[in-house]
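Here the chain labels run A, B, C and D in written order, and each chain numbers its own residues starting at 1.
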């Protein structure tokens, strides 16, 4: 029973990993671009939620949308003002630009909101439900379920709508997509918007249960890298499964070996898997 | 025509670095100079595999950290001079380079970068739990020197010239490497592995050699750091920022160029120092807003690094490039 | 008046020259063949016309408007569609999605259903497989999809880059039948081919490229008997696309 | 050489700036205190709070505050023994980087010519910064770092005002002994500690003292403070079911623990937080309805309205909008001890200040903290430092132990939350 409880906790957390990693995998797969500032998008999503709650008095739905919208806009702005110019440059320039961006975003938040830890005031989501002896905190449960639904939604959007089809076309063959009349720049801007927006909602969902400060993004960024690499660059379903698996592994190894070993286990498995299957769990071979 | 312009900046640079302590004799400026040299050494070491061979490692802190722990561990366990630990650091780093080089070099592009990050993080977390190396608290060097051999000096001046010597050795080595067949192999691999292989370049072997060389010098940089600082803990040895700083400095100056990392360090270290001096005490985070902003601007407008910019605006090179 | 006029086109890839000097014209309702051995510059010429690569010198005029320098997503909207070399299908998407992507540049969205209908009538196989991923198609089916996709933008002129490459002879035959049929419906065709007899069989006029320049041009009927053309194909000219 | 010019220009600009800063104040009449704290990076919140506390302390010393009772130097404006000289604070930010802390200590001593140093929060940075002070012969007051071996390295110039890890551990054991006498069951304890220098050194000390006091440690769980999920740890605790759980945690994780324990319906008889995270002003609002009766170690208590400590807290609150927390308060107390020594030295001569520090003897009524006094032993450690235990009652902490200082009655077992 205790073990089942651990598994449930791991999966609920893994669902959130899946959501913000799916944003990262989107631009990674589409543009072959590492975004070191992705964790910062999650962090900003958390602060936007706080602002919405404090100044507009919104509930979880309101701040979720608020964070998604604000971060979508930020993602597009970042693409148009910075990323499009470094996209064609060497990989090192990409690392440079997004690392600088991460510092810029983190410390702008620091400047505005100070270094102090904040958490959302108690929302309408609280309490715990008991399902056959397994305790599920409602905030985490709602956050996890929404995260899974949104990740699946993102996947459906990519595979079943015209705009998603155009996005994938650009990621598959930029030149051929241009021959169809698709403007790659517009699609890539959209991808950045979606990527940041997904991170923003993930931030809002985390904010329900987790206190934070401006440096919180660092942790999320590294986790997202592992999830994306495990799931295969560019694969949203891959990110979903990898996210759940990473959450599960972390929870189980924390329970069996102790919490300091949970990241060791994740990284070790990750490195081992890279050797055995370099294209990731669900990546294109 | 070719020889003189290539030589004179080197001479100027060497003279400038040699006389810097005479002009800026204050202990603080000396310390900034030492920090700059250390950054230049680490980034130049990274440059061998990251720049010349084009294998972007974001986990070089694993070698830096091993090099940094070895001297203080020798001091802690046996009371030896920290200097005695330097070869152990190199040996451990070489072993690690071979160990991880063989499997990870099958990976390309971002996968290689990700694998190096993961290995470095793994080691960092592990060292944080390992009592022999002081776990999270870390290791300390001799509080006061027992003799010159402890390399624990009151003044920064000896460190400056020791570090400068190491940098000179490393750059001379890189210069020779550039002109040796090995250097051509590396460049061929950077351009395209498949093409390199078809030209008969032993790709796998060359990459591992490059990593081993790079690891050796990175390890020495780590040893210099811990001997000078007299302290090491998992974060300052294996932290991801240690790796990222090497990448950023090299990229900023010009990766795969002899003086690229040096130029990068020449920009970044004074920039870090200046922003922290001017804005750090205010505690508003302005330090990093300015610092991050400048990095973003350089990446946006000069993606090939400052070295490229210099080549563009240098009329002599311009003429030579377009004469052919 | 000619629909498409190419004047002194030059394309560089860094220090490499893809096309050195190509001038050609295609009249409304014609089928023009662009011949030449592998690496002679056929693909580069077509890509430059379609806006996929930039011309470093010269210009391309389409119905009186200079289109060189415009990106391909604008060119396709003007009624000029390219089916690129190797088809470049979106293999992770379905047949129908590929076709729909082909209609992106279509100004009049109400035409989509009619265009789907036309393509499916032309290639009933595609209708059968419309929910299959493009990567599951056979070579012949892929060619159909590439052609169908290009037709979805309702082009006035179709540029085809080696449409028959790697296909079985019977498949090639039915492809050419289709091309003739389309031409009959009023479509102008510019066809790059390595296979001389095939192209000259349906073309009105032909250009032969060698080392990035037009070596010979003339009416298709005259070309077939031209000895020079044969020589070029026998390898007297060297492929130079990758030469300085 | 172009780059060289750049470096020179930067250096020149930095020099100019330093001169400018120096020219702004009247250098001859003020005592310069260089303060090295993490003002950015992961520990920035603590550094920022401590910076505000030091500024309040400087205000108290520099201006006349007769309302603050026996607090040394409060009544007068400036340092009376030095003709009313003012304290001038120079803050620098080491970003949590030990090597930078070393460089900044050098800068403060050689460029800014500070007379004394203070810092550096993280033990790692205190290690390196104090070594520089020792080398140059400048007194260094360690305000807050807990790792045992910062003092005791044979340094002459390093002093530490705060209690250290072993003091905390002994306090807990005395408390347990007291509780056992009252018939409370403490058969086993569990220690949950974050795994950097702070958590590790305190947890090590507790394990050691527990062995001496014969209190079985059923479980020790080190974890990383950046964890986003702690349910596995809580389930481990639930399995072992210890009588007391001691958390040595930073802010986000301590809040997460309290919330998750409530969610997973785990409530041990007693939870003790080791200061830091439990003392962060963000803690109470976040967990007030989940952690009723949780105890916390603190030497700081706001006290009743009208008391000196209450007034200090009001000054701090006016500046920052938040209550003073224990970490910042301990730094503030160390600052007062330092100011007192400078005043007694009557000079900015480092050697005289050092001597005055060794002769420091502050009585409990002269302090803002619940220490038994401030008196440094030959290693520089304050031997009279002590701590209270406080307990969360409703929306504030109440002092509940030791009995002679208590303002409220200890509740045992804790009531926890609604669930």
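Following the convention adopted for this analysis, a residue touches a chain if its C-beta (ideal position, glycine included) is under 8 Å from a C-beta of that chain, and two chains touch if they have at least 3 such contacts.
In this text the structure is predicted, and so the values were computed from the model without any measurement.
Chemist: Chains shared as neighbours by chain C and chain D?
Modeler: Chains in contact with chain C as well as chain D: A.
Chemist: Which chain maximises the distance between its CA centroid and that of chain D?
Modeler: Chain C.
Chemist: Which chain has its C-alpha centre closest to the mean of all protein C-alpha atoms shown?
Modeler: Per-chain C-alpha centroids compared to the overall one single out A.
Chemist: With contacts counted as defined, which of the two, A-B or A-D, has more C-beta pairs across the interface?
Modeler: If we tally the C-beta pairs in contact for A-B and A-D, the bigger total goes to A-B.
Chemist: Quick check: how many Å separate the C-alpha centres of chain B and chain C?
Modeler: Once rounded, the distance between the two centres reads 52 Å.
Chemist: Compute the distance, rounded to whole Å, between the mean C-alpha positions of chain A and chain B.
Modeler: Going by mean C-alpha positions, chain A sits 32 Å from chain B.
Chemist: Find the geometric centre of each of chain A and chain D from their Cα atoms only, then give the gap between the two centres in Å, rounded to an integer.
Modeler: The computed centroid separation for chain A versus chain D comes out at 36 Å.
Chemist: Between chain A and chain C, what's the gap in Å when you average each chain's C-alpha atoms?
Modeler: A distance of 42 Å separates the two centres.
Chemist: Any chance you could list the residues of chain D touching two or more other chains?
Modeler: Correct list: 39-40, 44, 47-48, 195, 222, 224.
Chemist: Which positions in chain B touch two or more other chains at once?
Modeler: 125, 128-129, 285, 287-288
Chemist: Going through chain C residue by residue, note those that touch at least 2 other chains and give them in order.
Modeler: Not one residue of chain C touches more than one other chain, so the list is empty.
Chemist: Got a list of which chains touch which?
Modeler: All touching pairs, sorted by chain label, are A-B, A-C, A-D, B-D.
Chemist: In the complex of these two chains, what residues of chain A are touching chain D?
Modeler: Contact set of chain A toward chain D: 2, 5-6, 9-10, 13, 107, 110, 114-119, 121-122, 127-128, 135, 137, 140, 206, 209-213, 215-216, 218-219, 247, 250-252, 254-255, 258-260, 262-263.
Chemist: Can you list the chain B residues touching chain D in their complex?
Modeler: Touch list, chain B to chain D: 9, 12-13, 16, 20, 23-24, 26-29, 31-32, 35-36, 125, 128-129, 135-138, 140, 143-144, 154, 156, 225, 229-231, 233, 235-236, 263, 266-267, 270-271, 273-274, 276-278, 280-283, 285, 287-288, 310.
Chemist: Please output the residues of chain A touching chain B within their complex, sorted ascending.
Modeler: Of all residues in chain A, those touching chain B are 28, 32, 34, 82, 85-86, 89-97, 99-104, 106-108, 110-111, 115, 214, 222, 225-226, 229, 233, 260-261, 263-264, 267-268, 270-271, 274-275, 278.
Chemist: Within their complex, state which residues of chain A touch chain C.
Modeler: 162, 165-166, 168-169, 172-173, 175-184, 284
Chemist: Okay, in this complex, where on chain D does chain A touch?
Modeler: Against chain A, the touching part of chain D is residues 39-42, 44-45, 47-49, 195, 221-224, 226-233, 235-236, 238-239, 251-252, 255-256, 259-260, 263-265, 280-282, 285-286, 289, 322, 419.
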